Every structure is written in C-alpha cells, then in structure tokens.
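Shared between the two complexes below is chain A, which has chain B as its partner in the first and chain C in the second.
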Partner chain A sequence: MSRVLVPCHVKGSVALQVGDVRTSQGRPGVLVIDVTFPSVAPFELQEITFKNYYTAFLSIRVRQYTSAHTPAKWVTCLRDYCLMPDPHSEEGAQEYVSLFKHQSPSMTFPKWLSHPVPCEQPALLREGLPDPSRVSSEVQQMWALTEMIRASHTSARIGRFDVDGCYDLNLLSYT
Partner chain B sequence: MAAVEKRRQAVAPPAGFTDSGRQSVSRAVGAAESEEDFLRQVGVTEMLRAALLKVLEARPEEPIAFLAHYFENMGLRSPVNGGAGEPPGQLLLQQQRLGRALWHLRLAHHSQRAAFNNNVSVAYECLSAGGRRKRPGLDGRTYSELLRRICRDGQAPEEVVAPLLRKVQCRDHEAVPLSVFRAGTLTCFVLLEFVARAGALFQLLEDPAAAVADRRVGQAVLDTLEGALQASDAAAPARFLEAGSRLGPDSLALALDRAVGGRRPSAPMTREEFLERAAALFIAKVKPVG
Partner chain C sequence: MLQEESDLSLIIAQIVQKLKGSNLYSQLERQAWASLQRPEIKLESLKEDIKEFFKISGWEKKLQNAVYSELSVFPLPSHPAAPPEHLKEPLVYMRKAQGSWEKRILKSLNSMCTELSIPLARKRPVGEQKELLNKWNEMGTDEPDLSLFRPVYAPKDFLEVLINLRNPNYENGDSLSFRTHLGLIQVPLKVKDIPELKECFVELGLNIGQLGIDDSTQVPPELFENEHVRIGQKVLSEQDSAAAQQYIRQGSPTALRAELWALILNISSQPEDVLYYEQLKTNVIQHDLLVDSLIYKDVKLTASNDDYYFVFEDYLYQVLLCFSRDTSVLSHFAFNSASPPKSYIRGKLGLEEYAVFYPPNGVIPFHGFSMYVAPLCFLYHEPSKLYQIFREMYVRFFFRLHSISSHPSGIVSLCLLFETLLQTYLPQLFYHLREIGAQPLRISFKWMVRAFSGYLATDQLLLLWDRILGYNSLEILAVLAAAVFAFRAVNLMEVTSLAAAEAVLADLSTLKVMPLLQIFLFATVT
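So, the complex of A and B:
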C-alpha cells in the first residue's frame, strides 16, 4: 500500500490564554497549531510525522465531514499524549515523532456521560405527554430533598432495649 | 396591654408619643423621663427589638402578617389577666405548650438551617420546661403528638405520612433528647415539602378533565426517581452526576415515551396513590429512631 504525502498548511501557533495577551505577564502552557488541508479530495489519514520542540503533551482534534448534509464535527483523536516523560528534562524534547492511525484509541466514557445516539432521541414528543423539563424540575427537587434527609442522620440513640419489639415491663420480668 | 395602659395614666395627658418636642413631656407632672426612657421602662424597646430579630431570622414573605401573628401569640404567652382565677388545668397547659412549640417551629423554613435550628432549640426548651406538676424533659407522647400535629397542619394526607410517623415517633414513656427531636421535626417538615412537590408533579402528569394520571406515565416517573435514589457504589459527586443525568429532561422524555409506547394498556392512577408511592420512596431513606 503506497503512502502519499498530503499537502497541508500549518498555521502559526496561537497561545490559549485567559485575559489580555498584550498586558498579561505569564506565559501560557497551551499552544494551538491549526493544520488545514487545501486539497478537496477526501483521504484517510494514516500517519502524522513531526519533530518535537519541548512540548510535553499533545492532543489532536480532527474536524470531520461525514456527509454533505450533516455539519462537520470535531473529533478528538489523541488526548494528552505524552511526548516528554519529564517536562523539565531533555528526554523527548527534540525527538522525531510519528503518530499512527491505530494509536488513537476509541474513547470509552462512562455510560451516563455519553449523549444519546441521535436515532434514539424522539424527534417529536408524542402527543399528550407532559412537558419533560417541568417534570424534570419537580423530580429533581424531590430527589434533592430525599438525598438531604438520607445524608442527615443523628447518631444519638434514644436508648431502647427491645425484646422482640415489645417493651412491656411485665413481659420482661418473666424472662 | 393592661400594664401599658395603667402606666399611661401616671403620665399627664399632653405627653403623647407623637408629640414633637420634649418640652411638653417635661412639663407634665411626675413625668421627668423622656420618651425613650418611657418606652424602655415599659419594655416596648426590648419587645420590638426581639420582634425585629425574629423577622430578620425568618425572612418571611409577608412581614406584616408575620409580625401580626407574632404579637398575637405574644399576647397569648403572657399570663392570662386576672390573677384570681384557678390556674389552667394540666391538659390546657399541655395544649398551650404544643401550640407555642409549633409556632416556633414554623417561623423559619427548614432550608434556613441556622434559623430553623435555633427555633428547634427554643421549641424543645418550651416543651421540656418543668411545671408545677410536670417534671422537666420531653416525653415521647408529647413528641409524637407534636409530629402528628406538624403533619396534619401541613395538609398531608394521613395514609401518606403514617409510615413516616411509625419510623420516627417515640414511645410514650421514652425521654426524647434534643438531637432526636431536631431530626424528627426536620424530617417531618421536609416530608411535607416533598409531598407538596409530588402534588405539583402529579398536576403536570394528570389529565385535567379526569383528575387522574396515566398509570404508565406515573409509574415511569416514580421508577426513574427510585432508580436515581439507589445508592451506587460511587462516591458522592459521581452519584449526583449520575442522578442528575437520569432526571434530566432528555432522559425523562425518553422514559415517558418508552412507557407510553409499550403494549400495556392505559390505566388510571389517582393522586392519592401517586402521593403514597412517592412518599414511600422518601420514607425508605429515613433512618428509624432507635
């Protein structure tokens, strides 16, 4: 299988910084490099090669056009990939790095964090069903009240000495 | 009121509260005091200060009505005029104490925790005070009666609150410490709010014409709430996030849609049944007294 270099245009790095770039003193730790592909023909990216210069961690996000009708989506291919084991040492600081397609792992999020798959979402709520946002608001308040009571428990005991749940003095005196 | 009026006669008529200068007061016979002194001596300053402190603590929505109730109750609290009559019977005293304690407990909403705890302490002291024929301390019978009154006055149906009362009431002869008292009263007030929310929820679910809800819908909502309340093994923040996502509008909409889409036929669920089942979810999480 032949591999072809895809022409790309690498833009200058932009610092991600909170506040005014001109006046703030600190140097930011995150830089963003935009890479665009001027050729229109679709391709399957196999490998990215570059030379590192004192970057410790690398994240790669790709904007994918899946079909003509759906808008483009940003997909994270790599997150915090370690290039330098110790950011303060020289190891890995000026190395040549090759990243392959199979290295981007499939993201597994916990079930509750993932959005529902589009085909599962009801496009239109059935007729006659109550407003979900109002129902949700009431139910959430009920949940919060219950959680509060569950959390607040008194360690004080009233000091019962139950014999089979019955505290009758006469009965006790016979046992 | 009688004490104030008697006092006023000692002061000469022109010395009214709304008078402008002090000259008119000093001119009066035997009234060498200024208006401030007068107010202080009759205790009005202290009374008003206590009233304002209560308003600040409770932050009621209707301050004037709150103050009106406050002064009305204060009139009840002071010894009944006419010292000649026989002292009120034990039962009447008990009812008075209960009434006063209830009034204290209702001054602040349970979410205003500091104010609520203060009021709980005052109510507890009120009920525990010794009397001529009463030993100091709060007995289980009075405590249970108080809890029943709280729930009844909160307009929660009896079948709904009965399981809770069974869990938190104390036996007649048991001595109730402050911590148990505080936990029990708080639980009752929180349950009342929970039932109110459940009622509002039922109104969203019900068919206005029939005044019943679709059983599939009601059960789906209750099941979702029950699922969110199941204690998972995760630590607190993750548990809250999971519950939040289950109870969010999208997830609920899915649950409702699935419930109605199934092949089970529609059956009615009454408001009473819905409230009972909802309250059961709450009461299951209440630690019984023991």
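So, the complex of A and C:
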C-alpha cells in the first residue's frame, strides 16, 4: 500500500485568548493552527507528521461532511494528546511526532473514497512481543532497502585517514 | 501497539545492519559452515539444528552480548522524518551552542598553528620514524620542548559556555524571580529527584550488600563478600554481558574487575584487534600531528604529576597517540552532539575529495583528557586491550562529559542534577555558598568532567566506575558530587569565601564513595 503526501495549507497559529490581543499582557496557553486541504479529492488520512516546538498537549478537530445536505460538523479526533510529559522541562519539546489513524477511530474523511485504497484491518495485537515471523519479514524488507542504499554510496576506505597517502594539512576549516 | 512493533522492527534492522559488518558475523558464518560436518546437523532441520549448535557452543551467547552492546550504546532509532542532526542532539539551541563552542576550539588550534609555525600534520622523515619506533615503549623519557604549547581549553572555559546556555523559548527573566534557577545552569532539562534516583539505583540500597562497604575489614567475608565473589566467577564463566552489568552494580571484586569490564563492554581481544592496534601504531610512526604535542603536554601536566598514575606515563602515550589516529571512533559522532573538525589537504582548499577529518578520530583533547585513560592502566597491561577498553569507554561515556547536549548523562544534565540535588536537600548550604560567592558547581564541575579521575583514591574511583558501567549512566557522578558536599557541609557552612570553600573540598583522596552515595540517597531525611 503506497502512501502519498497530501497537499495542504497550514495557516499561522492564532492565540485563543479572552480580551483584546493588543492590550492584554497575559500569554495565552492555547494556540490554534488551521490546516486546509485545497482542491483535493477525498482521501483516507493515515498519518500526520510534524515537528514539535514546545507544545505540551495537542488536540485535533476535524470538520466532517456527512452528506451533501446536512451542514458540516466538527469532530474531535484527539484530545489533549501529551507531547511533553513535563511542560516545564525540555522532554519532547523539539521531537518529531507521528499520529496514526488507529489512534483516532474517527479520523477519516468523507465517506466515499475515490481512490479505492484497501482498508487495513487492524492486526490482532498480541500482548507482549510482536510476531517474530512478521518482524523477520519486515526486517528482510528493510535489509533489502538498506542494501540498496549502501550499494549506492561510494565505498569508503576503511581505516585510512589520508588521501592517497597524503595527510599534509593547512588549517582547520570552519564550515 | 502498531507503533511499538514497527519501532522494534526498526531497532532489529538497525542492529542487524551494524552487526553484519562485524568480525562476529564472519565468525558466525564460518562456524555455521563448519558445523555442517557435524553429525547432529540434519538437512531437513538445518535451521533449527544450527541454532541449537550455536546455543550449545556458546556462539549464541556471544551474539547476545553483541546485541546487548549495541542496545546499550546506540540510541533508539528516531522518527523517520528526523534528520541526522536530530539524533546527535534534538534541541536546536544546544546544537548551535555546541557549534559555536567547536568554532572557538578550532580558532584556538588554528592560531596555535600559525603562531608556532607548526603544521597540523606532517609525514615523519624515515630517520625520525625509526627513532620513534625504537623508543615506543619509553616515550615518557622524551623531554620535548612543550613550553609554547598550551591546552586548547580547560574545564573552567567549558563551564563558562555552559553557564551562558539559554533556551530562546524559555522566559525566566533577567531579574531574580521564583522562576530563575538559583544555580549556574539556566536551561530547564529534566533531572531526577531523590525518589527517582532511589528507584534507579535500587541496588545501592541500605539492605543490599555492596563492595566498598560490606567488604571492609570489620565485616566478616561470609556475610557478603565470599558469595559475591562466587557469583562474579559464575557470571564470568557464563560470559553473559547483561548479567555482568547487573552484577557489577554491587561492585566488582578486584581480581575479577578487568574481565568483567571487558565482558560488559563486549571487548574480546581477537587477533584482528591486535592487528588493528598495530596499524594505528604504524600511523603514529608515519605521521606527526600537532595534537600529539597537546597529548604530551596534557600527560606531563596531569598524569605524570599524580602519585598514583605517573608510573603509567608510557602507556598513556601508547593509547592516546593511537586513539587520535583511529577513524573507527568517527562513527560515534552519529549520536554525539559534537562533530569532527574538518580540513583540506594543503593546496586543495574547498575540494571535497581532499577533505579530511583532523585529527583522524575527530577528537581534540583538552586539559585533563589523559585522566580518562590513567585509571584503566591499573586493570589492563597489554596495550591493545587497554586501548580497546579505553576506546569503548570513550564512545559510551566519556564523550558526554565534554560536549553540549540535552542527554540525561550529558555534562549539562549532570551539572543541573548536582545543583538541583544540593538546592533541594541542602538548601541552607546552597544558600550560604551562593551568598559568599562560592557557587557549588564552580567547585564540583572539574570532578564531574573528569569522572572524578585524579580526585579520588584509585580503589574508590574504580568502585565508582563499576557503577557507571553497571547502570550505563553518568548520573552517579552528579549524585556523588552532591554527596561530597553533604559530607563536608558542616565545614562548608563556616567558610566565608570561594577560596576557603575550595580548600575544604580540595582533597577527596580519603573519601569512601559507596558509603557517601548510600547515605545521601537512602539515609538522608527528605
């Protein structure tokens, strides 16, 4: 099943604040980021990836159209998902995060799909360790991938630090 | 959970890829081929029979140890979208600070180069090569003129950089408020408090036997020591790295320590390793580096002046000079916030095919660096083994003590942990020292940067390093530093200047580290 990036427009963040933004001294703790999908055919969202910057908790709300006649309504997909276990310290502050469809059952978009992507049945998740033969087949896939990557690199000469026997250096470089 | 499963697959793939290039892999392959001769290996159950053979012959254990070693050293794979810098250090402002610090070091080295008109590297003429080869075992007798060389930096320079670290997103104001940190470190890293440390260092508890406490002359050896030694011998005969790491949390018997450390670090001296060391030695003979003079100077200034370590002077050169030429060390920069300095072959500035790292291992030694090696000389006398052990200790632990990162075992976290422990559990002492202009970190920093080498008596230092290996963490250094202050609190409360405070804490050679740690963690009223 191949996945593609969905083109989207991420608007700047807006503070949720009571009162006048200009005169109020307080710093709002809640910011809202709007993400719109311009002119894209209906799709099934699998994963949202982003880099955090000091956001402690994340909620995601989606405006869903249920049918052509009823007005769209807002659905909460994720509420107060914790990105920083201790908001006053650096843990998780600048981490890369992925949110998957399975984490939110209602994270689907319009009911009909124009790309008939086969919907993956959630695997019977065993408690404890994953199924070894499944892991080993995934490992083989990754192995093949890493071999491809390795083959495309020029081979480094192991252990040698000179260039053709020469290690005559001028000065250290700052770049 | 699906996420955990794919994380596990990724970790497995990563470890497999790493081990595939190793000696162990080729040995296992050879063993598997050779085992086909054996009668118990049947074609219809080939895979299972070979696996069984590996289990019985001890090769599976070797593989387990190698995997365990990789897990201990390599950080967990990060998010696929994360660039390589993120693995080195996730916080952008720390990466920038490390970059600036490195630039200062490079400038300092470059100016030393131009001032003294000494090249960064040169090929030795044949006569000089022969001479060096002849006196390889007694380089300490050499008295080169090192007066013009100065160490690139000392720990106190590095401390100033750490004190000025700021998170641009953290508002704590310039004026003193309840949000300002009272210590010198102003970045909000997460550090453990005593309840969390007690959980983490549970084997150091009051009701658990320790070497360094329960092996003292007053305690009959039947109570703990004999049994502990017996278990240690069993662990060694099983050759199990993970078991050794668990065992050593209670300390290592002196007679078993060298083997236990080698087992935990997964070092087994194979012929290839000895050959590799000899190759490094050849590199030292052939090329002279400016960094060599820095190493000489450091050894002469520190280890040679130390009552415990001066006898090992020659070993230190044999290890550190080779270390500088070892390109295999470069791989640790994948998870080190630091980066190896770059240079170009003379006349080829800017041409990437003539770009090289300098020194070849990418590590520029600072004042006191040789003290990382010195204590190991008590344990290992064969140069290539001593070398391997030091190299592994460096890429697992010591590099974190002199690079700027947010890692829990990084020096910044250790400093903050120390200051927080002191403030929280000895607030009167902390306040008093601050008032007299003796910020505690200014005194303890040098202890932590050197992992207490050169400050404690060697037997005590080795007991401390046992626990570093056992817990795979340097946090114990910060706890010990706080425990030392707690121990000398009464005297410290009476001093009225930084100099006097330094004097109270100048001599740590009589301290017993395990009782101090135990009391601080488990017997102090919190």
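Basically, the second predicted complex is superposed on the first by the 103 of 175 C-alpha atoms of A that agree within 3 Å, B and C clash if a C-alpha of one lies under 4 Å from a C-alpha of the other, contacts with A are read in each partner's own complex, and residues count from 1 in each chain.
Please note the rule applied: contacts are C-beta pairs under 8 Å (C-beta built on N, C-alpha and C of every residue); 3 or more make two chains touch, one makes a residue touch a chain.
As the structure is a computational prediction, the values presented were derived from the model and not from experiment.
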Contacts of A:Gln46 with chain B and chain C, given as first, second, both or neither: neither
First (chain B), second (chain C), both or neither touched by A:Glu90: second
Chain B versus chain C as contact partner of A:Ser59, first or second or both or neither: neither
Touched partner set for A:Thr70, first chain B, second chain C, both or neither: neither
Touching both chain C and chain B, counted on chain A across the two superposed complexes: 122, 125, 129-130, 135, 138-139, 142-143, 146, 158-160, 167
List of chain A residues in touch with chain B within their complex: 112-113, 116, 120-122, 125-126, 129-136, 138-143, 145-150, 152-160, 167
Residues of chain C touching chain A in the complex: 1-6, 8-10, 12-13, 16-17, 78-79, 81-82, 86, 90-92, 103, 106-107, 109-110, 113-114, 119-123, 167, 169, 187-190, 276, 279, 283, 287, 325, 327-328, 341-347, 349, 353-358, 360, 406
Touch list for chain A against partner chain C, complex: 49, 51, 53-54, 86, 88-91, 93-98, 100, 102, 122-123, 125, 129-130, 135, 138-139, 142-143, 146, 158-163, 166-175
Interface residues, chain B side, partner chain A - complex: 170-171, 174-177, 179-180, 182-183, 186-187, 190-191, 193-194, 197-198, 200-201, 204-205, 217, 221, 224-225, 228-229, 240-250, 252-254, 256-257, 260-261, 278, 281-282, 285-287, 289-290
